[in-house]
Amino acid sequence: MSDLCLKGENVHLWRGDHHVLRGVRFQVAGGECLQLTGANGAGKTTLLRTACGLAYPEGGEITWCGENIRKDMHAFHAQLAYLGHEPPLKAELTARENLCYWVGVRRDLEREELDGALERVGADDWADRPVRTLSAGQKRRAALAGLTLMRVPLWLLDEPTTNLDAEGQKLVGSLIDEHLRAGGVAIAAVHHGLAVSMASALKRMELTLD
Amino acid sequence: MTNSGAMGRRDDAPVREHEGTPIPARGDHERSAVSALSAARLMLARDLKLAFRKRSQLVQPLAFFAIVTTLFPLGVSPELTRLRPMAAGVVWAAALLSSLLALELLFRDDAQDGTLEQYALCGRSLTWLLAAKTAAHWLLTGLPLALMAPLAGLALGAPTAAVPGIVASVAVGTVALSLIGAIGAALTLGIRRSGALLSLLTLPLEIPVLIFGARATELAIDGRAYGAPLQLLAALAVLGLTLAPLAAAAAVRINLE
Amino acid sequence: MAWTWFHRLASPPHVYRLAGRLTPWLAWPAAVLIVAGLIGGLVLAPPDYQQGDGYRILYVHAPSAWMSLMVYTTMAVAAAIGLIWRMKVAHAVAASCAPIGASFTFAALVTGSLWGAPMWGTYWQWDPRLTSELILLFLYLGYMGLRSAFDDVQRADRVSAVLAIVGVVNVPIIHYSVIWWNSLHQAPSVMRLGKPTMPLPMLVPLLMMLLGFTLFFGALLLVRLRGEVLSRERAASWISEAVRP
């Protein structure tokens, strides 16, 4: 398939006195999706943030395509998209404007792409309303539209299905499906299972509190 | 979903097609110097647009400036002859305090809604992006202050001939104030109710700006040549321009950890 | 091979033991030098050409002022080392320095004020040195305030390290701008002595005091550092052995 691979070796991280990540080991290759489960506070968000380079582990290393991510963080970041708990949108801008400024800083966006992505997530009616007027589910959909526009091989998603109805959850599943089919890598922290059709491409890992 | 083949990427960097998902080649970031500038411009446009959507917030630092300036005649004396010797100092003290107030606008919103984090992860230089945010901040607060300052000066007994000098000194000085303030704002990002701490951190660092700026304004009010302190002020602004966004980016990344 | 001592310095238990052993080696010479310096300065040195006996507070003021700057620099260097090489112990050193430096600064302010009072008639003048020391005190207070605003010690360390580095770059700028500001208004500083150069009997006790204060800072730093290390590593296993009497 490809040489894309995100690997974490023996990752340790402390927050104060709390040993959050205790020797975590994972490997996700192109076309695979790692589903992270665990109770609240088990470290799913911390692991995602460590994998994308925001948090710095005290031990172990994270490699992308064989190279330590710290070697060239800008290049690594250019290849990943991270979605945190809250959709990263400015309340005063419209969904469309938000996407322009969010994705536009990485690459030039064509108008058709933008329209296409918004249509895909069902944003025809509300794409040009200020985000503060949108529901939580609509904001989440707008964030997903941004995700698809990034065109990056690595997706790190923190509870991507929050606030979404059944249809929205299917949308997430199909977006990840397409991403995997194109050879991309995905790690998603979830409470419930993802509606990904490629069951064979799904790996699971559970983090425990200790 | 649009087919990547019909996407029309203007970017002519080599791209490894991967069954539909174009993956940027490793060397793409080498072109980042040019892209950093365009990313910065986009950030500037974004911040200006955001500020104009919340226009009422822009007026607050200016109103504060006016009020603080008014306190001095009320506290000291209504006589312009007594106010004029300290006009420069009062204008500058008010400017420092107003720019502190305006610092809230700089990073707080972006930190709270997660957009700052996205900019730390976008693969472009955060230093440039924060420099752009600081530039927007100056355009929205420092420049208006510089245009209001002569009014305060006149109200405190300065002659009208001093107006260009007052505008020039406050305009250049507020550039340095915005830059130093950006460091303070970045350091206190995660702290709730950081107002007093932000002042304690930022004001001592801004004292050289106050000293040179007030001197330039004072000379302008007295009708003397103010070039020398203005140049020193500009030097501080340039130093701030090279170092402050860097320090602020470091502080932001630490606070995002 | 040469780096092993550097890496061992990064190990908290090693630093804890080393600090404990070194402290008396700094504390005793410091005590001797300070006592000797005080005797030399307060009793043996000749009166000043202009100020008579009133200048003698210099023997406490000058070392305090000197130390206030040196400690800030030490703090900034330690913080930078901690930031760049991610050494926890370096951050502990920086944290230990701050209250010591602030105390030296405060002492310099008080002694400076007492020195000037007979000549000025008031307890405060905006003398450039005193004003610089006051601003330095604010810098220390800001640093300590920033540290205490974070619950997470690691983040407090790293954020305040950025502040310390920014501060240390600013200190010379602030110092010279204050001197410039003061010179505009031509207020002569009383904190100088009559003769252009100091005679040896005046200079020697001053140097002894400077060295004594430096060693005193070293000893104090080591003592505080041990406390810092203990509190930071309280969950670690080596603590129970180290602290056992």
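In this document, chain identifiers A, B and C correspond to the written order of the chains, with residue numbering beginning at 1 in each.
The rule we apply is simple: a residue touches a chain if its C-beta (ideal position, glycine included) is under 8 Å from a C-beta of that chain, and two chains touch if they have at least 3 such contacts.
Keep in mind that this is a model prediction, so the values were computed, not measured.
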> Which chain has its C-alpha centre farthest away from the C-alpha centre of chain A?
Replying inline: C
> Taking each chain's centre as the average of its Cα atoms, which is closest to the average over all protein Cα atoms shown?
Replying inline: B
> Highest contact-pair count belongs to which two chains?
Replying inline: A-B
>> Taking the mean of the C-alpha atoms as each chain's centre, how many Å separate chain A from chain B?
In response: 33
>> On a C-alpha centroid basis, what's the spacing between chain A and chain C, in Å?
In response: 48
> Of all the residues in chain B, which ones touch at least 2 other chains?
Replying inline: 257
> Which residues belonging to chain C are in contact with no fewer than two other chains?
Replying inline: none
> When you check chain A against every other chain, which residues touch at least two of them?
Replying inline: 56
>> Taking the touch rule as given, give the residues of chain A at its contact with chain B in the complex, in rising order.
In response: 2, 4, 30, 49, 52-56, 72, 74-80, 82, 84, 86-93, 97, 101-102, 104-108, 110, 112-113, 116-117, 120, 130, 148, 151-153, 178-179, 181-184
> If you look only at chain C, which of its residues touch chain B in the complex?
Replying inline: 135, 138-139, 141-142, 145-146, 149-150, 155, 158-159, 162-163, 165-167, 169-170, 173-174, 177-178, 180-181, 184
> Can you list the residues on chain B that touch chain C in the complex?
Replying inline: 183, 187-188, 190-191, 194, 197, 200-201, 203-205, 207-208, 211-212, 215, 236, 243, 247, 250-251, 254-255, 257
> If you look only at chain A, which of its residues touch chain C in the complex?
Replying inline: 14-17, 56
> Touching chain A in the complex: which residues of chain C?
Replying inline: 86, 151-154, 234-235
